[in-house]
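Below, each structure is written out as structure tokens.
Each of the next two complexes has subunit A plus one more chain, namely subunit B in the first and subunit C in the second.
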Partner chain A sequence: MTETIQRFGYVGVTLVIGSLVAWALLLILIPHLMLIDYALHASPGAISRGAPTGWTFHSFLPLFDPDDNQLRSTLARTLATTAAITLLCLIVCYPIAYYLAKVATRGWLSLLMLALLVPFWVNEVLRAYAWRSLLSRNGLINEAAAHVGLGPFEFFNWQIPLIDANIALFVGLVYAYVLFMVFPIFNAIESLDRNQIEAARDLGASWWTIHRRIVIPHAKPGIASGCIVTFMLVAGSFIVPVLLGGRSSFWFTQAIESQFSVLNWNGGSAYALLLELICLVFIVVMMRVFGVTLRDITRS
Partner chain B sequence: MSNDLEFTDVVKRFGDFTAVRDLNLTIREGEFFSFLGPSGCGKTTILRMVSGFIEPTDGDIRLGGRSLRGVGPNKRPTALIFQNLALFPLMTVAENITFGLSVRGVPKSEQAALVRRMLDLIALPGLAERRIDELSGGQKQRIAIARALAVEPQVLLLDEPLSALDLKLRQHMRAELRAIQRRTGVTFIYITHDQGEALAMSDRVAVMSQGRIEQCGLSAEIYDRPTTAFVASFVGENNAIRARVVETRGGEAAVETGFGRFTGHNPRGLAAGDEAILFVRPEKLKLAADHPNCLTARVTGRVFEGTSVDLHLDHPGGRPIMVRLPNDDTLIDAAEGQALSASFATSAATILPAGEMARD
Partner chain C sequence: MPDRLLTLFTRLYLGVFFLYLLFPLGYMMLLAFNNSRIPTHRNFDPTLRWFGEAWSNNRMWDGVENSLWIAALVLLIAIPLGLAGAVFLTRFKAPGKTAVYAILISPILAPGIVLGISSFIFWSQQLGFRAGWWTAALAQSSFIAAYCMLIFLARLQRFDPALEEAALDLGASPRQVFLRITVPYMRPALLSAAALAFLQSFENYTTTYFSIGAQSTFTIFIANSVRQGVTPAVNAVAFVIVMATVLVAAGYEIARRRGERRRERARRAAIAAEMQEELLGKPAAV
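Take a look at the complex of A and B:
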């Protein structure tokens, strides 16, 4: 500490520590305390109809309404779809990350990295609209398909079995968050000594065995952190479900937004807090499943 | 049919660069064979061609008469020990050793027996459940050998695996490797740039330069009877004296040098008038004027090596002549500037064509 002060002076150190404290306080701690405070109070409308004025779980009650299943099923569908999208992202991104980290030559690598990044220079809303114009009933894909006598494909109405979400939403969300899956896994695999792969191959392992026993165990922290980040971003995404969700895929964030839009801040806060707690549980479960620590994850 | 490893006209090119050219060689089953050469001489390329990570551009490699072309590294009866060993850090010692068997679906009970047998072979019983990062350098070395031998390869390839060890351990591991090779009877192919390692362990050594084998033979042949100036100067310490052949007689030749007229053997059949280099080992020079091959020069330096003392003699236009004297009661005290005469037998000198020297 004294050494740091000697190097940067009191002003420098105060500036750095001050900005860290301000960041933690203003952007993380205070908003969260406010969120919790709102969530644990009834809305003014509810109070006027006789709800308690002090701290209460009243704002959470719609989630447990025995007569109205809609909110619960929205939450369940959102989580199931998010889990499926996270899994799909992992399946799509692992080969990409492996290719980038261990197969691609240097020049090829920077080109591919650029190709991965460039679409993300465009605003998320515009990207979602781009998918809309590609996938809609009169979109580019359907027009092209019509030329060869196929289609039309109902990307917005085709439901995926079990999770009740349409294909367009699936495609849009996987696309929106690939990078957050690719990079942690890429970093993890890149640190694997190539000789490990060759040694396994030399000892007779097939490619599948090499991945199962050498590459994936090594990349586990990266896979865990990619899954955690992707899960949280997908569960918390708003604009993509709004634009690509179609008629039946109502996202839980839309339920949160609908509370705020009718000025029920307490209800919106309660739902948001619930989603956040579920994501926290997901992180802990993922860390248990993958057997990784917080330190492993932050490293990759 | 024996499992000899045969190279027939093997060539490997990377773009415009030819890493290995016209390799023709047979490595016999059960032989300890070393490729010795400076970095970039093509020895690693040969190793990777045998293990299957790269294919020859031309020519063929056969093991026991069967071509290895198109056979992947995981299908070849060869095992490679990497320079950095490449042990699997997330697995225990036992899991490392059984990796090759478990990917082949060998039952667990057999694997356990193999771990015991391998740990006995490398004299490290009781380490089976250790983690790799708990092992010392020498232990890791042996585990790498055990892991490779566990798949019962016909050919074991070693890529300078001792280079990371300190001197004492390295010398110990040399003897250990040699003993393991004798016990198992597996063909060992060792690549190294350390000539001491190659000469001490190998049945035969191939000295390589620029993708070509310069000379292949027993350690003693390579050391005492080099056939090219590269081999003479790369393997061991050697004094090189610029010379011109003046007369040939049978297998010997007489040359004129800056130190006078010397005779030596003439393995390449140089003719009178040819530019040559006369090589004579430092330990073959005796401080006596009792032979016609006698040079006289001033002492320019003296280096104490422990078992020997090296005297450096002035050599105008070349590197100092080195005379290696045993550190015993015959050792004389030579002061700098003092003129000394050193002589050598005709059989100790080798006359080779100039222009094939090792660069260092």
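Take a look at the complex of A and C:
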């Protein structure tokens, strides 16, 4: 520490440590402790109806209500859809990322990167809105379908079996967050030495073996990072389900918001905390499965 | 699989993927030019009236103003914090760096709705500040500062500390070293962090919506217009945003390639000079 003080001076060290303490406490830790505190108390309304005043799991009870499974099915739909979308994005993006990182020529790469960056920087509200007009009754897709004698399709009420979300929401969520899968995998594959691929090919490895034994192991941190971020963004998405969800695809974030709209801060905090815990579990599981550290993940 | 077939399949796949990415944006932009009460391509009757209507909407300009103020506050908070974090993690000899890193980076991996709600509860409900610019800026800064820190970390890790040590040995104060050596070296990273922080702040919806109370921003204005049933004025706004994004992204890409070419030329010139020196035994003329 004396070495650090010599190097930066007392003022410098105080400024750096002071900023970090303020950042960690005021922007991250205390707000989170507050959220936990709110989640572990019953709302004033519930207390007036006889709920305990101290720390309690009362705000989580709607999840376990035996007579009303609406919240449980909302959570189940959100998680099933999110898992399906994360997996689909991974499968769709891996070839794209590999192509951009190792196959594309320089000129093509610039052009394609541009084509990726533009939708990436247009915000999620407009990305969802674009699909809303495209899939509406008067939209282009229904008109094209009508031309070949099909439809009209009710994309906003057409539930996908198993995951129970409507098709418009599914397509819109993939569209809004797919690029968060491309960039981490691209960065990871780009750092792979092309000679390794060439050597494997010269030694007679098939393209499938090359990917299974060389490219995918090297891209692990990028794959883990892409899956974690995509999962978190899809599960935590609010405006996309609002714009594309229709009547039947209520999203868990909408359940959080509905608590806030009736000024039940405790209920909203409890649901928000649950969402965060689920994302945390997903992160830990992914890190274990892929054997990567937090630094590997944030680097790509 | 024969190579020709593989190439054909790859091209087809790329084509479909990029069509999926770009077509919806193009369709949304096209609808801005149709003279119809609702956004549709049917009975296309070209007009520019929606651009005029969008321009004269005062609520949109209020939103833009709020967004700009919030972004300015975020820059003021997030850039110094990110820099302090990066300096601490690369330069300080201190214990517990892994834990500090994990805490500071955690907001990037948390859902935006949670960041917004926890900030709102702490600053507005608990401390009694009125929800608005400040609460939104603080909520956004919690994760934008971490992005800035990652940018600074990447650059600082490639920095040779010997430069700073030499300056110190020659009698410079830590302050002078920071302002005359570290900051100039960090300039490109500072610029990209500022650009990223501004964009992240300006575009953010979820965290802002849950922390700003009754106020609005540009992005919230767009979301509300879409929710309340739209006229193609929203598409006109979208057209402008997408065009601006294309210009900025293209400018960025051109600058990047130019920088790459400049570095390549400098490298070749250095090699040429070295060869001349070796072959002719004298420094090359500059």
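For the reader, a short list of remarks on this structure follows.
Assume the second predicted complex is superposed on the first by the 273 of 300 C-alpha atoms of A that agree within 3 Å, B and C clash if a C-alpha of one lies under 4 Å from a C-alpha of the other, contacts with A are read in each partner's own complex, and residues count from 1 in each chain.
Simple rule for what comes next: a residue touches a chain if its C-beta (ideal position, glycine included) is under 8 Å from a C-beta of that chain, and two chains touch if they have at least 3 such contacts.
Please read all numbers here as calculations on a predicted model, not as lab measurements.
For the composite obtained by superposing both complexes on subunit A, the positions of subunit B and subunit C are free of clash and fit together. Legend: residue contacts after superposition of the two complexes on their common chain; A:193 is shown touching subunit B, with no touch to subunit C.
The superposition of the two structures on chain A yields an angle of 70 degrees at the Cα centre of subunit A, opening toward subunit B and subunit C, reported in steps of 10.
In the superposed model, A:70 makes contact with neither subunit B nor subunit C. Taking subunit A as the reference, the larger set of touched residues comes from C, when subunit B and subunit C are compared. When the two structures are aligned on the shared chain, A:204 is found in touch with subunit B, with no touch to subunit C. In the superposed model, A:261 lies in contact with neither subunit B nor subunit C. In the superposed model, A:218 lies in contact with subunit B only, and not with subunit C.
For the pair subunit B and subunit C, the least inter-chain C-alpha distance in the overlaid model is 8 Å.
Within the complex formed with subunit A, the residues of subunit C that make contact are 1, 6, 10, 13-14, 17-18, 20-22, 24-25, 27-28, 31, 38-42, 80-81, 84-85, 87-88, 91-94, 100-114, 117-119, 121-123, 125-126, 138, 141-142, 145, 150, 164, 168, 173-175, 178, 199, 203-206, 209-210, 219, 222-223, 226-227, 230, 234-235, 238, 241-242, 245-246, 248-250, 252-253, 257. Residue ranges of subunit A in contact with subunit C, taken from their complex: 1, 3-4, 7-9, 11-13, 15-17, 19-20, 22-24, 26-32, 34-35, 38, 92, 95-96, 99, 103, 110, 112-119, 121-127, 129-134, 136, 138-140, 143, 175, 178-179, 207, 228-229, 232-233, 235-239, 242-243, 253, 256-257, 260, 265, 268-269, 272-273, 275-276, 279, 283, 294-295, 298.
By the touch criterion given at the top, residues 193, 195-196, 198-206, 209, 213-214, 217-218 of subunit A touch subunit B in their complex. Looking at the complex, you find that subunit B touches subunit A at residues 51-53, 72-75, 78-80, 82, 84, 86-88, 90, 99-100, 103-104, 147-148, 151.
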